Amino acid sequence: MNERIPVGVLAATGAVGQRFVQLLDGHPWFELREVVGSERRAGRPYGEAVEWRLPGGVPDGARDLPLLAPDERLTSPILFSALPAEVAGETEAALAAAGHAVFSNARSHRMAPDVPLIVPEVNAGHAAALERQRRERGWSGSLVTNPNCSTIHLMLALKPLQDAFGLDAALVTTLQAVSGAGYPGVPSLDMLDNVVPYIGGEEEKMATETRKILGGYDEARGFTDAGIAVSATCTRVPVRDGHTESVSVRLARPAELDEVAAALRAFSGPPQELGLPSAPRRPVILLDAPDRPQPALDRDRERGMATVVGRLRPCPILGYKFVLLGHNTIRGAAGASILNAEMLVAQRHLPAVGGRLSASAR
Amino acid sequence: MNERIPVGVLAATGAVGQRFVQLLDGHPWFELREVVGSERRAGRPYGEAVEWRLPGGVPDGARDLPLLAPDERLTSPILFSALPAEVAGETEAALAAAGHAVFSNARSHRMAPDVPLIVPEVNAGHAAALERQRRERGWSGSLVTNPNCSTIHLMLALKPLQDAFGLDAALVTTLQAVSGAGYPGVPSLDMLDNVVPYIGGEEEKMATETRKILGGYDEARGFTDAGIAVSATCTRVPVRDGHTESVSVRLARPAELDEVAAALRAFSGPPQELGLPSAPRRPVILLDAPDRPQPALDRDRERGMATVVGRLRPCPILGYKFVLLGHNTIRGAAGASILNAEMLVAQRHLPAVGGRLSASAR
Amino acid sequence: MNERIPVGVLAATGAVGQRFVQLLDGHPWFELREVVGSERRAGRPYGEAVEWRLPGGVPDGARDLPLLAPDERLTSPILFSALPAEVAGETEAALAAAGHAVFSNARSHRMAPDVPLIVPEVNAGHAAALERQRRERGWSGSLVTNPNCSTIHLMLALKPLQDAFGLDAALVTTLQAVSGAGYPGVPSLDMLDNVVPYIGGEEEKMATETRKILGGYDEARGFTDAGIAVSATCTRVPVRDGHTESVSVRLARPAELDEVAAALRAFSGPPQELGLPSAPRRPVILLDAPDRPQPALDRDRERGMATVVGRLRPCPILGYKFVLLGHNTIRGAAGASILNAEMLVAQRHLPAVGGRLSASAR
Amino acid sequence: MNERIPVGVLAATGAVGQRFVQLLDGHPWFELREVVGSERRAGRPYGEAVEWRLPGGVPDGARDLPLLAPDERLTSPILFSALPAEVAGETEAALAAAGHAVFSNARSHRMAPDVPLIVPEVNAGHAAALERQRRERGWSGSLVTNPNCSTIHLMLALKPLQDAFGLDAALVTTLQAVSGAGYPGVPSLDMLDNVVPYIGGEEEKMATETRKILGGYDEARGFTDAGIAVSATCTRVPVRDGHTESVSVRLARPAELDEVAAALRAFSGPPQELGLPSAPRRPVILLDAPDRPQPALDRDRERGMATVVGRLRPCPILGYKFVLLGHNTIRGAAGASILNAEMLVAQRHLPAVGGRLSASAR
């Protein structure tokens, strides 16, 4: 137990920060040692400083950690960032420069040419860009990002299709949960008996992030665009947690329905092979029931770390269509960062945590 | 006032039946004289027999009408049917045979080769099929249907595009309100903090009805298929009234964004030209605000008789995309039938109400 | 039409301000001439400056009014204030001093010893305090307040009981709608699949305001406390509009259930006698159906100006109990102020609007 | 493992039945061996026969159990009944006569003079009535009931007050979740943007059950009424799980606020002393935060087995008031029955499971 890797959480009192704290509670490899919040509340124990809004209360291990101010010097080799995009850009870069392995949820660096944007089952190989990142930026630490909550689950569903049949285009309408907008986030007058058919910036992110994640990486050319057309319409619906997405895809090669189903069912990646602590046994679950997946019933499958697919059937226009669902603040945010960290630790991509690896990551 | 045309409502105590009764209250051309309900409640005054579930209470004019049993002989020349599909088929045909002009919401006869499926701004010309209907079936009355609630609003948005640019394909994801399923309808456990990504039969109806409505009719060949590919995914969301639809379209000819907007804005049809009592001034309203239309704010525009479109923008896969919203039990059901009746009265398609026309329809 | 009294609305772009603008549209006595908003948006036409959030869009008559900055000099004799309490205190007093008849929704002056807190069916006589107000404050205008949204509807239900049987105590649990908190107001994460059992300051207001409103006023002693014990628990529930209240009362004298029902049913006051434009025909509607009133079905009765009571029955502890419902932003806020203004105009309590009275108020 | 006591669930495919199956999964003392459902689905494996509607899917241990028809002969010594009241009366009695220890959620036998209505922390002593029950009815088995979901949580909050100060009266308004009505249960049109201020029979049950549970039992006189006045108003709100109750109490003896708080905090009973597997560590949790408890945040405390109290403060009419929250299908239904069974096993009240006790209940 002494050998767990010390980790910290930036913006630990916010909605995603609380999810980090919750998911790190009792983590077998990582030990939460530092929680950073706003200047104003700094100094108080986390359990008092936070307005905890997840079921179950503040985990015992976090309750007494002092909330650190943003400018405090941190010592944890791994930092999870729930910072808002406005401050994430500069802060995360400074911390990576200072030697920390930073795992970020913010959009700020996602599209940078030397920052990997990773979904570990999908593009683990993009971690190779970290070498170039350290070299060119002169950082002793590193910066890895995970995609937007809607994109992550789409990636988990599209990757098996891309691998098996090639992928030309994906047309998506999302029905997103309110927790994705944080707290206070979406006003209740917008969500009772209502749908808001717009989420600022989300549609663009789904398109650009998808093309980076499903694209390649090599030392010479860096990240290459996947050349997949993505058309997204993003809506907000009266659901607490769990983004639903209605997806139509045009595959590059003809495929039978049962081949498509088989590709989704068989999907697996490095997190499963490595048996990472936060890895879902099955990253993609394909349901047969005609009226599933549903947020209230399916978002917590595999502890919120899976993408649940249903209603797979032909699309008379693009070829195939299906509905997917994924937990937006677990696999879609905090859980995604933690899984990224687990994978990079296991694959020894993080010099910063070097010596501890052999002890903990097994 | 004496000269208003007597009308009746079948299944008048159900959800759509109540909407008929509400919309017919104070109607300038039609006078509600007969309300038909279940055997069990027949004989009681409508105001007592109905469990009224619309805001505002039972209209005074309907309160004291005796609820008639299903087998009672009716005298109103026009009958509006809110019958469920299981019984609508036979009952509506019998009433048309008996001389009534029947306007039906049920799916039973919609696809029949001699039954017009009408959205008056879109395919008023299909009413010509009534002649053949009377001749071939030997009916003295007639039967006209209106489409499913999701299809109607899609038609109002697609027709101007078909007219201006030709239309190849429409890919739609709906976010439908619960009132579309009647009462008791959808259980609250399915709708609190949840989305149900499936509505039985709805996706097929959107495809087949669209092709009939946007197709042609001529005496020789009857109804001809519009040859438009429609791919629908229908979901139920926690909204009382107002279906939202996320739509991508492939046009037959190239078009600029402002041409598409202009086509939607300029759209109008016979109900507007004839100044029908229930006609919206503008059947399609195009909004510029980035986050509209929204059910809670926009479903009642034009007294629930318009289709409200927003977020018109290019779709990188199919060409253009937008979001539409329409009231599902007004323009999507009872109001649609009433507007059909108004148009057929004004166009003198209904011998059954013959002599009264000149007096009332002005 | 020229003879309508010019009126203005303070904080006209907020939630309650919009309701004022909506209710004043087409008002027979009052003509909306001035809309005041934040410095930042001032100068733009109201229709552009406002983010309108009520069904139906900005009324035509208000669309082109220029939004005035808070420090602009106003000319309307009557001003309706939707100002937040933080600024209402000073601003409203200054405007009353400057000669305007101010009708305020804010809590700032409600409990002041020379400011009437009026529900016109309940304590119209309190308007007599205006004389003293003008004299002591040296104001040429006046300031009249209406109670908190939860209190108003409670007053309409309690007053007939107080009149008929005397009233010792009222124990209330409210289930309040989110529109009462304005926009953005209550976060959706607090309201989806949830109840918040606390509304800051609300419970105290219900107690103190009730005792002032149901108390007396005379020249010598000013307002006298009604001496009624009020115990309130205020909760927020996932409802857009319409506060529900579960009420138990201890009457001063014994009463039969049908006497209590009769007292509620017979209730009426000066607004009904004077036929004020915004007055409900029946200020209290008593329903017999066992499961009513319900917000979705009953909040709009009498155009949102009535209090709807149901479930009247004995309470084994306090004597009688019932459930009431009222629209919180119409009769509970903007409509209440407007009705107050109508009554004071009709009763000639407002010298500021003097000469115009004979012309308009008939 | 072999030594666990075989148990069965009646009406195992319904809402409460599913909760039983879920809570019994991996139970240390009980092993689910028999699941009984409707004639129509009998014979199929439970995993196929059930339309599972709880998060997480059908537990592995239940998936392959054959669904038994209602008339099948059962062998499990303990049976948990989720039968609806219409059939529970006769069926449960027959099974108790046949030697089973039946634990019932139905209201049918709750008020019978020889049937204990037990909340184990509150009135464990009522189990003594089983001897008389067996003797007078000639049963070899037994029948124990648990109260209605709203009553159970009220009991857990009132018992410490009764013990410490005596209790004269409790006035309650409930805000109940929809899962209490089963599936399909409450229509979504009743619960979106709405409150239903009525739940048939619930208010009476809260009064009569409270008086039995908080009353005494002795061999000579049987159950004696607690003589406490209970006045309940029961409403349904748009919440999936978790009943909220606003409670005012009149104590028999004067008490300081901190004494009342201390009594609630110190409360404990036989389940805690015996360390029963389903017992909450703390049956009553008193929160200090002004805006708690909230269903979405607090219903799952102590795995849904606790009553969470907040907002404890003086009531100017009755003395003290507070808000409580409890999970209605866990501690309020299935979990309550299981805890009852655990206690009776541990206290050796069940001859039917006699010999196995020593092995399992430790």
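So that you can tell them apart, the chains are marked A, B, C and D in the order they are listed, and the count of residues begins at 1 in each.
Convention: contacts are C-beta pairs under 8 Å (C-beta built on N, C-alpha and C of every residue); 3 or more make two chains touch, one makes a residue touch a chain.
The structure presented is a predicted model; accordingly, all values stated were derived computationally and were not measured.
> Sort the other chains by how far their Cα centres are from that of chain A and give me the top one.
Of all the other chains, the one whose centre lies farthest from chain A is C.
> If I rank A-D and B-D by number of C-beta contact pairs, which comes first?
B-D
> What's the distance between the Cα centroids of chain B and chain D, rounded to whole Å?
That pair's centroid distance is 49 Å.
> Indicate the whole-number Å distance between the mean C-alpha point of chain A and the mean C-alpha point of chain B.
44
> Averaging over Cα atoms per chain, report the distance between chain A and chain D in Å.
Once rounded, the distance between the two centres reads 40 Å.
> Do you know which chain A residues sit against two or more other chains?
53, 189-190, 192-193, 238-240, 296-297
> If each chain is a node and each touching pair an edge, is that a line, ring, star, complete or other?
Basically all the chains touch each other, so complete.
> Under the stated contact criterion, what part of chain C meets chain D in this complex?
Going by the criterion above, the answer is residues 169, 171, 173, 175, 189-190, 192-198, 200, 207, 229-231, 233, 235, 237-240, 244, 246, 248, 250, 290-297, 310-311, 315-318, 321, 323.
> Can you tell me which positions in chain A touch chain D when the two form their complex?
Listed in rising order, the residues of chain A that touch chain D are 53-57, 192-193, 240, 296-301.
> Would you pull the chain A residues touching chain C in the complex into a rising list?
Against chain C, the touching part of chain A is residues 53, 178-179, 183-193, 238-240.
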